[in-house]
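You will see two complexes here that share chain A, one where it goes with chain B and one where it goes with chain C.
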Partner chain A sequence: MPEKTPPGHFHILYFASASTFIGKTAETFPAPINLEDLYDYLEGKYPGIKEKVLNSCAVTLNLHYVDLQDVGAHDRESFPRIVKEGDEVGIIPPVSSG
Partner chain B sequence: MAQSRLTSIASLESTIASLEQNLRQLKNDLETLKAQDRDQQASVQDVVPDLTDNTLDGNQITPPSLGLEEYRRYGRQMILPGFGLPGQLKLKHAKVLIVGAGGLGCPAAVYLAGAGIGTIGLVDGDTVELSNLHRQIIHASDKIGTKKVESATSYLRRLNPKPAYIEHPYHLTPTNALDVFHNYDVILDCTDHPTSRYLISDAAQLCRKMLITASATKTDGQLMSLCHNWDNQPCYRCIFPKPPSSENVQSCSESGILGPAVGVMGTLMAVEAIKHIMQFGAYNPDGEFYWESSPALTPTLLLYSAFENVPFRTTYRTKQRKDCALCSSNPSITRQSLESGSMDYEVFCGVRVPINILPDHQRISAQTFNDQVRNGSKCITLDDEKESPCKSTSNKSYILLDVREPQDFAMCSIAGSVNLPFSLIQKAKAKQDPEQRAEPSDKPETDPLRKLQGLLHDIPHVNKYFVCRYGNDSQLAVRYFLDLLDEGKRKSASVDEEDGMAEDNRVIWDIEGGLRAWSKVDPTFPEY
Partner chain C sequence: MDPEKQQLSDNGISVSLTPSPLDITSTITTVKNPAAGAIVLFAGTTRDNFAGKPVKQLEYSSYPPLALRTMLSIAQTVKVKHGLTAISMVHRLGVVPIGEESILIAVSSPHRQAAWKGGEEALELCKEKVEVWKLEEFGGDEGGVWRANRDGAVGVSLDNNKGEDRP
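Moving on, here comes the complex of A and B:
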């Protein structure tokens, strides 16, 4: 069973170089937060992470890819842009090794 | 005597290389002839007539060609629901290209060959090395030095001689990718670098080939199928429009990789290929493979974290990105831009090349360090200096700082060296950025910046040598400390004799080529 998220928090998962940079594979943060503000929030916690990691990452919300750029594949009005209590965010850098 | 022996060795190696080249050509010729023979032998005696109703509009179609030996070989998978003889024949008529005969390509190739894929191509310009063998399990100790494609096909032919194996013993480039991909139905990206990832994705989309791409690093992996054989499918650039920053691009030799973790991803690639061929592939009476109409599939990205409590996660990928450089309605990447060679993937990915950022007088070769420093000076640690501080360089003491991470340092290190992980230097640099907020929880004893400043302050007159694995990070470390010294001098209002930081004590050097170079000076030092 995955670790239970404390009340009023959301779960964030870090993969590959994101987890290497931060030194963790997961943690929880207070909810709610706008997805657009997520990168700046992480930058405040982990200086340098935007330029070194986040700018090339894919982001998922409850296992669904979300586009944080202005021009994206999703209709902004219909796709949720707020991370709520109990949600799970994934930070997925591209992995090239093999 | 020694010289004539060296000459003989070189001569033999040259002769062997030439003979191996001839052998490869002969094997390729043999494969071509066998494939022609198979086509002609379609109605040979051991073909079992198909007992199912295979009429089309009332006319009998050509009996399928599956020999008695093939029934025995593939029987266990043919009896799976939905598989049967038609499924096996789909595999037999399919052509799969595996780009990269490494950690991903090896397990993928083995399972695809074992399953009876009719034509398997392998692309790789590398040779087998000892450090490959913990994960590239198709190769063997007696194949070290052999071309990987040759090593791979020799194993695969022994496993299953039925498929046609096509060797492409060279690296994929923008100018050859489209030609290579043209003759195949499915492409497997088993490479290990972002430049090849983007190239393969671009070429597969432009050729309209199904692409199965996977990757692995440390104990993590990713997998997705990009179905460019159908319309309106997202591409690699839709998911990852920007390449990773070059300092995050680490090879397996730099970051480490767990053999079975990459093996899992390669095996899953084989499953994906077989699944798609089985479920959506078909073949015409002439034996040509083709894809049936596009199914309503939701693109997925599989994430694997081997050492986590929940190792597998499937995420649902986007549809096509409206501004995608490759697959949007207004792409900037076209067949012509690829074929003309104007696409520069290394510039796009910001490839990290060996750096050379220090002036010559700040560097020392491994040999000179051994001959003039280690054999003529006293190696100290930080604790030694604190107990009996020296004020002059005339006692010729030095400290050797190894900037690799602690797990590397614990594996092997030069006797007397002190570990100063590069990650500590990076944390200190981040803290110095005026835009970063101060961490209120940082205590002086854990603050990385203060620790490093202390290093300069406590032993100002001791010669400091920096070493790392390959000679890149040590240059960055030297550069960092030189900048700290310059900043210290700028802040000092006057020279303070007791504060060594104010003096010009550029007694900081980088050992060129790092421990790799050191292992040539000291052959007992392990290379890894």
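Moving on, here comes the complex of A and C:
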């Protein structure tokens, strides 16, 4: 895994079209942040990314897929709503394996 | 041996990612079992064109810990569903020269029908879910295109970020 995340930060990984748009494959941001706010936060840093890249992407938190909008009904233990210090977020564009 | 290979194993299951050329014989050997009378191997090779447009080079990238976890989950599901004896899936990463294998899936079962069906289902699930991305380089001014399996033909152009590239 990537180098150690600085205190108070989380790690975010960009793949394929997301890494191309941003021009890097990973970076760190201050934690915590609500999952609901993640795309707006990235849009603020990288204008245009939402429409061109993120809207077709999925998101993982510590290797589990998450819903950015709170769909309710889940227990907060298994389905966290907040990205915490030391967490790893993945921006997952449509895959093209095979 | 392949020091850069990343692998997960379970009972009768092996999934891996590697930057090295894929080894068909060893992949088949992995699933061989005296109780299994059938082995089916799928080899996906890199094409020299996309919808008629010449492809100069292909490069695969991945989110390895997540991709391996997804591959393992697919293998477990397919193995149980089709009663397979063993299943092995390996995907190559990095630049894959045209005509070489980018993915191998081998399955074994007591009889052929389950092996055919299980092998096909494993491949389709891989292409739908495994977190690996293919960058096609066409050469010239165009730059590369990130291919997407979903919908067959959607991709994102690398150089201008103008969004979807439909041939």
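Throughout what follows, the second predicted complex is superposed on the first by the 83 of 98 C-alpha atoms of A that agree within 3 Å, B and C clash if a C-alpha of one lies under 4 Å from a C-alpha of the other, contacts with A are read in each partner's own complex, and residues count from 1 in each chain.
Just so it is clear, a contact is a pair of C-beta atoms (placed from the backbone, for glycine too) under 8 Å apart; a residue touches a chain by one contact, two chains touch by 3 or more.
Please read these numbers as outputs of a predicted model, since none were measured by experiment.
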Exercise for review: Examine A:G44 and indicate which partner it touches, taking first as chain B and second as chain C; both and neither are also allowed.
Suggested key: first
Practice item. Check whether A:F15 is in contact with chain B, with chain C, with both or with neither, and answer first, second, both or neither. Key: both
Review point. Between chain B (first) and chain C (second), which does A:I92 come into contact with in this model arrangement: first, second, both, or neither?
Key: both
Point to revise | Which superposed partner A:L63 touches (first chain B, second chain C, both, neither) | key: both
Practice item. Compare chain B and chain C by how many residues of chain A each one touches, and report the one with more. Key: B
Check your understanding: Which of the two partners, first being chain B and second being chain C, lies in contact with A:N55: first, second, both, or neither?
Key -> first
Review point. Of the two partner chains, chain B (first) and chain C (second), which one does A:T5 touch, if any: first, second, both, or neither?
Key: neither
Point to revise | Contact residues of chain A, present in both the chain B and the chain C interface | key: 13, 15-17, 20, 48, 51-53, 56, 60, 63, 90, 92-98
Point to revise | Interfacial residue positions of chain A with respect to chain B in the complex | key: 2-3, 13, 15-17, 20, 25, 44, 47-48, 51-53, 55-56, 58, 60, 63-65, 67, 71-74, 90, 92-98
Check your understanding: In their complex, what parts of chain B are in touch with chain A?
Key -> 100, 102-105, 190-194, 196-197, 214-218, 220-222, 234, 238-240, 242-245, 247-252, 255, 257, 262, 265-266, 301, 303, 305, 308-310, 313-323, 430-431, 433, 435-437
Review point. So in the complex, which bits of chain A are touching chain C?
Key: 1, 13, 15-17, 20-21, 48, 51-53, 56, 60, 63, 90, 92-98
**Study point:** Contact set on chain C toward chain A in their complex
**Key:** 44, 60-63, 65-67, 69, 91, 102-103, 123, 126-135, 146-150, 154-156, 158, 161-163
